[in-house]
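Look for chain A in each of the two complexes below; its partner is chain B in the first and chain C in the second.
And now, the complex of A and B:
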């Protein structure tokens, strides 16, 4: 199933948590939602699922609004555990079986085993990580077509984090659509094929991970003298930042790195090189463009 | 075969390109030979813990570059009945890339083509004198 979030806005009084967000999640993709705390990730998830009423905007699943039937095929792991303290793992599974027609008891048992969860233990006696694991088990046991996972690895040890990532990959390889958020950019970098970065309720950046990585570079060159007129490159739409430290000029670009490198050479720069950026660099550039500012030259 | 492949997700190089490079390299080095079967997309994605669409894209690129063939329902295989042909093609590919990198470096520090050529000749002579 594809998911289209269209012009979603959610206000709480005067506070705008989500501000005109539009996101396309292709069918069969793993979509990573990134953003600093309070950027609006959880609110976006809640609005998608109808757990919070959006102020405006809609979410379409395969082109249609969410129906009761479609809801049966969507699994959700909430950021804050939606488990009942006094109930055991087994009782939660039983509740899931009654609610979701496609609940798979055999799969549920395998998943409980995978995370070494004791079905008799009450939630109140589970650690934070084990609560996350139980939520993940409940989500994957209903054989969903769509998984919406808000921080599905929080509190888990590295081994169990890896197990969750493999479940996501296995689901995607079987044609399911996954949307997940994580503070661990490395996890998103591995598992997601598309991402969006939210900042203060707005989409700061989105696209296919490979395309973003292929485009985002730093182009660096050393000029013979300190003062260089950078008019030719500073106004280029693909250049998001220009840093000048003495004779060294560094351009952060979202594309056209070869062409911009040639421009720098033509302007007299020596030792021009192109540096790859990973997703963390791209993320930091999107949420905090000045995070490594050194004598930043304002774009014209 | 999966044991041969490793990816570094934190690298700025897209993961599908890392897979493409490594398969080409393995073919060039004869680690993968003509007719050998590659893991399924799902299996390799799980082994490397990377996105399956990323692996599928790598396989498509490898097909386009005529390194592998994919038969629906049967899987992906390293191309060539004679392992040697595909191997030397892939080897050429790997070496060209390394040379292009060296030329770029040389150019960026301001060397002219003749200077680069004589540096290459010298390196070639030196290496064979010392390692022959």
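And now, the complex of A and C:
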């Protein structure tokens, strides 16, 4: 099931939370939605699912607007636990069983065991991580075609985080479409094949991870002294980001990486190397291309 | 079954009802056991008629009953007892009898009225074997429990709004159907609580006598009122809290206070409206608010001028049905517009 978000805008009074967002989520992909706090990720999810009414724009699932019946095939894990404090895990599972035609009791039991969840415990007695885990169980137990997961590893210990990521990868492998957000870029890098980066409600970057990585390189060199005059390279149009941490200089470049590596060497840099971009670089380039910290030299 | 959460809430509320009724039943059983050897009204009358010092004159009455006139000089007692089968009416005068604790006591199938004048105590007692119970009155009594359960379950949409919309609204059912199914489940729970209360009343009565039920004149309207008022109150609480983003507890508490104060105050204002201009100005406001308050139809019916139309029972039921539908519709409309 593919998802098309078309020119989605959501305003709360004079504040624009989501601003003309258009995203294509291919069928069977794992789509990572990244962005700093307040970028509009959760609002985008809410508008996609009709939990909040968009000011304008639409979301199409397999080319059609969302219908109530479609929720038989869509699972959502909210950023903040939406579980009922007074209900037990078993009662939550029972709620899903009675509501969703494709609820798989065996799968639910396996997932409860995977996360070491006691079905008799009431939610009010569960830790934040256990609540997240129970929400994940409820989502995966209904055998959905689309999973929309807002911070699905929030509060989980590293072991359970890994388990959730494996569930996501397995779901995609079985043809399901997964859209998820996370602050942990490493997790997105391990699972997502497509990403979009939101910044202040707008799409700063979107596309297949491989394509985004292929389009740019990092040129890195170590200078003998801290203070380096980088004007020679910082003004180059192919350099989108210059980051200087102590004696280390990292240039994010789109094309001409060999030439720029030679320039750095000529300026006295040692051990100059060209490396592939990782998702963190892509994310930082998207949300803060020019000025990330005091160590970063602004491009002229 | 998208109303499963509300179903769980309703069963929890009914569990509370079960506990309350269970405690009342235990108290009733203890009370009955305490009086297991107590004198029954029939035994008491028999002791008066069969006292060795009593002079008794018996007369056959034209209607088939018998009248016994008892004079007991030793006990300074004079009694006239009219028997019709096992039932009787007695008028008893005693000199120097202890002062009664109650002027009028009506308990189960026995009614007693006692007056003391110039040292002579006159007791009028009537007794009907078996207990005549009226359906309409039973349902009006059970409305108290209905209101309690309506209060516990009131504001179901606000409870969902309090951080659960991401679960409630990602189900394959429309918001309207979700809200209406929750209201329906709660409505059934309210009715169930009332029926359980009636069963308890009958059980408690049966510990003392044989209850017989009959539908009295106007009983049908009383049943309707007893069922509709708690439902309308529930609907009222649901609509006033439907847009809240947090638990409805405080709003429900305030609603209770206002629902009692407004009609009570309205009654006083209506009585004294001619006395002051301010009261004249307030009268239409309190009168209108009283019509919108479902509790007023049970506890302050005199403040509602319903009898001026076709009939009080029919009008009360019609008003309550109107309020019920309007409040539910308003609640669903708010729910439809809400956002997570």
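Just so we're on the same page, the second predicted complex is superposed on the first by the 234 of 300 C-alpha atoms of A that agree within 3 Å, B and C clash if a C-alpha of one lies under 4 Å from a C-alpha of the other, contacts with A are read in each partner's own complex, and residues count from 1 in each chain.
Going forward, contacts are C-beta pairs under 8 Å (C-beta built on N, C-alpha and C of every residue); 3 or more make two chains touch, one makes a residue touch a chain.
Since this is a predicted model, take the numbers as computed values, not measurements.
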Checklist entry - With chain A superposed, do chain B and chain C clash or fit? => result fit
Next on the checklist: Let me test your reading of the model: by the given contact rule, A:99 touches which partner, first (chain B), second (chain C), both or neither?
Outcome noted: second
Next on the checklist: Once chain A of both complexes is superposed, is A:22 in touch with chain B (first), chain C (second), both, or neither?
Outcome noted: neither
Checklist entry - First (chain B), second (chain C), both or neither: which does A:270 touch? => result first
Checklist entry - When the two structures are overlaid on chain A, which partner does A:72 contact: first (chain B), second (chain C), both, or neither? => result second
Item to check | Partner chain(s) touched by A:192 [first = chain B, second = chain C, both, neither] | outcome: first
Checklist entry - So, A:169: does it touch chain B (first), chain C (second), both, or neither? => result first
Checklist entry - Which partner does A:262 reach: the first (chain B), the second (chain C), both, or neither? => result neither
Checklist entry - Counting only touches as set out at the top, which of chain B and chain C does A:235 meet: first, second, both, neither? => result neither
Checklist outcome for this item: Rounded to whole Å, the nearest C-alpha atoms of chain B and chain C in the superposition sit apart by 27
Checklist outcome for this item: chain A positions within both the chain B interface and the chain C interface are none
Item to check | Contacting residues of chain A [partner chain B, same complex] | outcome: 28-30, 162, 165-166, 169-170, 172-174, 186, 189-193, 209-210, 213-214, 216-217, 270-273, 275-281
Checklist outcome for this item: Seen from chain B, its contact residues with chain A in the complex are 9-17, 41-42, 45-46, 49-54, 57, 108-110
Checklist outcome for this item: The residues of chain A that touch chain C in their complex are 46, 49-53, 68-72, 74-76, 78, 80-84, 86-87, 91, 94-95, 98-100
Item to check | List of chain C residues in touch with chain A within their complex | outcome: 1-2, 4-5, 8, 12, 163-167, 169-174, 339-340
